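The structures considered in this document are given below.
Shared between the two complexes below is chain A, which pairs with chain B and chain C, respectively.
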Partner chain A sequence: MSTRVLVLLLLLAGILLTTLTVTLVLRPEAPLSIRGLGKYYVVYTRQNTSSPEAVTAIVWDYRGLDTIYETVVLYMAIIGGLALSTTTRKIALKTRIGLTSIARTATRIIVLLIATIAASIALHGHLTPGGGFPGGSALAITAMLIIPVYTLQSLLDQGVSSTRLVAVRGLALTALGLVAVLPVFRGLEAVTNLKFYPSHVAGMLISGSLWFYNLFEFLAVASGFAAVALYLSIPEEFYREEIRGVRGGE
Partner chain B sequence: MIVTLIVLVIALLLSVVFIYFAVTEKDLLKAVVFSAGQSVCYAILLHTMAAPDIAMTYLAVSVGLYSALLVFVISKTERYEV
Partner chain C sequence: MESFVYTLFIVVLAVNALIAIYGIVYRRSLIKKLISLTILSDTVFVAIILVGFIFKYPVVPPVYSGVEGEEVFLLEHASDPLPQALVLTGIVIGLAVNALIAFGIIQIYRLTGTTDAKKAVKVLVEEVLEE
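Let's look at the complex of A and B:
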């Protein structure tokens, strides 16, 4: 038996022993009641935000500004990465051949499925678990599937570049900020929900601003992570050539 | 109740196994796969503890995005740890 497996077995035995000892000696019990704050959210979320989903209501309504600033932090991180990977010349890669047509067809179907599920996670975020962030990250996975199968060059030929994706993210973020700020022009507080936005559109529950926040967050997260995937998938040789070119020019 | 507890214990112990293999693995690509396995265990834990929102985000980010990003990063360096 190798030492690796032996150490693992010892580790598991230790964990089991500790847990059993703690359980038998301290006898911890789960609380049977919820705290006052939790009770408030359970009772009043529906009438305050018109959303049956308390988590989305807390994330985008009760604590809306926090979430908007978190999105801005992620935006800054993505722009920082983009600044590090900036190149002086146009990216032209040598390998233009992706995977076989079997893989391409399968990817096409899977990408469609993932995009549908991502959209449903994001746009139903005010009704069921989910929301803009999980939906957006699920959509960004399609970009990471397309890059190895169809090659980065085919995406670049279509006009999809990380700079453009970051621009889309900037636009989505601006729209997100506008949704938060628009009520101010009517004399209401920022991040006002039901006093300004309708709870239903054409008989469908959209829970006021929650649906708009989820939609724009979905676009922002998806384009942001896709931009990261694009600039990370530029092969290292390209950067080496770039450095050599700069040195040769001097 | 007892089924929930059994699922929790199995997922927790399995996640320890995955973490251990991910840390000790010399092949970085395999380590990424182990790390994804650990994330699946944690997603099961979160779902058993009635947090489907977090489970969904965790699954999309740590199994999908994180693994894919790490594979891109490994393609820029060497595959084997010395």
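Let's look at the complex of A and C:
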């Protein structure tokens, strides 16, 4: 028996023994009901925010300002990553080989499915579990799927460049900030929800500003992560040359 | 039985955190350090979720579907939405930090040709001495 398996077995046995001992000796009580604050949120979110989904209501209404700054943190991290990988020349790679036509057809179908599901996660964020961030991450998966199957160059030929993606990301972030700031011009507080935004549009529940936040967060996260995927997939040799060129030029 | 599952959760989380800290401190590969860091952050997230979780069947997400008299059922069986919202925020920040660290590691690899922390420092120091 190898050492790894032995260590794993010892670890599992230790966990089980400790758990049994603690259960029998200390008798900890598992929580059977949530705390008072949680009960408040479960009962009152629907009246206060008109959103049936309590988590989205907390994220974008009760703590909306917090979430907007969190999005800014994400943006700064992506900008930092791109700054580390900045290149001065255009990508000199012209391969269009990719994978077989079976993989291409399958990818085409799967990408459509992923995009649909991502949109539904984001746009139904105020009704069901999900929201802008999970939806955007799901949409960014399509870029990661297309790059190995169709190659980076074909994506660039379609006009999907990292500059444009970062531009989309910036526009979406600006729109997000506008949604938060617009109520101020009417003399209300920033991140006001139902006093400024309508709860229903054409008979459909959109829960005021929550739907707009989810939409713009969806666009911002998707384009940001797609840009990261593009930068990470630039081949290694290209960067080596780039670094050598910069050092030689100094 | 609920008590056993609850304790098992806590013990497993503690062991997970210890393994992650071991990985961060003793592993020399930067990639493995990053993986350990993600394991540690995920452990913390599960611990926060555990604060708002209830050990009762069935546990449902705190979402209204529009059925009459649903409030009473949700009060009894819904999990606490507040820790979930906090974890959502935490995941996003963690992802941002991880992406930045990953870019940093890639840059170190491009500059030094290795992801081993000690070797990378050695290569960089030698370059400085040469200049």
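Heads up, the rule we're going with is that the second predicted complex is superposed on the first by the 240 of 250 C-alpha atoms of A that agree within 3 Å, B and C clash if a C-alpha of one lies under 4 Å from a C-alpha of the other, contacts with A are read in each partner's own complex, and residues count from 1 in each chain.
The definition used in the following text is that contacts are C-beta pairs under 8 Å (C-beta built on N, C-alpha and C of every residue); 3 or more make two chains touch, one makes a residue touch a chain.
Bear in mind the structure is a predicted one, so any value in this text is a computation, not a measurement.
Participant: For the overlay on chain A, clash or fit between chain B and chain C?
Facilitator: fit
Participant: Touching A:233, do we find chain B (first), chain C (second), both, or neither?
Facilitator: Touch status of A:233: first partner only.
Participant: Between chain B and chain C, whom does A:55 touch in the aligned arrangement: first, second, both, or neither?
Facilitator: In the superposed model, A:55 contacts both chain B and chain C.
Participant: Return first, second, both or neither, reflecting whether A:31 touches chain B, chain C, both chains, or no partner chain.
Facilitator: A:31: touches chain C, not chain B.
Participant: Using the touch definition from the top, say if A:67 reaches chain B (first), chain C (second), both or neither.
Facilitator: second
Participant: Which chain makes contact with more of the residues of chain A, chain B or else chain C?
Facilitator: For chain A, the partner with the higher number of touched residues is C.
Participant: Tell me the contact category for A:85 with respect to chain B and chain C: first, second, both or neither.
Facilitator: Touch partner of A:85: chain C, not chain B.
Participant: Pick one for A:206: touches chain B only (first), chain C only (second), both, or neither.
Facilitator: After superposition on chain A, A:206 lies in contact with neither partner.
Participant: First (chain B), second (chain C), both or neither: which does A:41 touch?
Facilitator: The answer is second: A:41 touches chain C but not chain B.
Participant: So in the superposed three-chain picture, is A:22 touching just chain B, just chain C, both, or none of them (first/second/both/neither)?
Facilitator: In the superposition, A:22 touches chain C alone.
Participant: Regarding the shared-chain residue A:155, is it in contact with chain B (first), chain C (second), both, or neither?
Facilitator: A:155 contacts neither chain B nor chain C.
Participant: Can you report the least C-alpha distance between chain B and chain C in the superposed arrangement, rounded to whole Å?
Facilitator: 5
Participant: Of the residues on chain A, which ones does chain B touch that chain C also touches?
Facilitator: 11, 15, 55, 129, 131, 133, 228, 232, 236
Participant: For a test of understanding, state which residues of chain A touch chain B in their complex under the given definition.
Facilitator: Those residues of chain A that touch chain B are 4, 7-8, 11-12, 15-16, 55-56, 121, 129-131, 133-134, 137-138, 140-141, 144, 225, 228-229, 232-233, 235-236.
Participant: Which residues of chain A touch chain C in the complex?
Facilitator: 11, 14-15, 18-20, 22-23, 27-35, 37-39, 41-43, 45-46, 52-55, 57-59, 63, 66-67, 70-71, 73-74, 76-78, 80-81, 84-85, 127-129, 131, 133, 228, 232, 236, 239-240, 243
Participant: Which bits of chain B are touching chain A when the two form their complex?
Facilitator: Its residues touching chain A are 13, 16-17, 20-21, 24, 52-53, 55-57, 60-61, 64-65, 68-69, 72-73, 75-76.
Participant: Would you pull the chain C residues touching chain A in the complex into a rising list?
Facilitator: 2-8, 11-12, 15, 52-56, 61-66, 71, 74-76, 78-82, 84-85, 88-89, 91-93, 95-97, 99-100, 102-104, 106-107, 110-111
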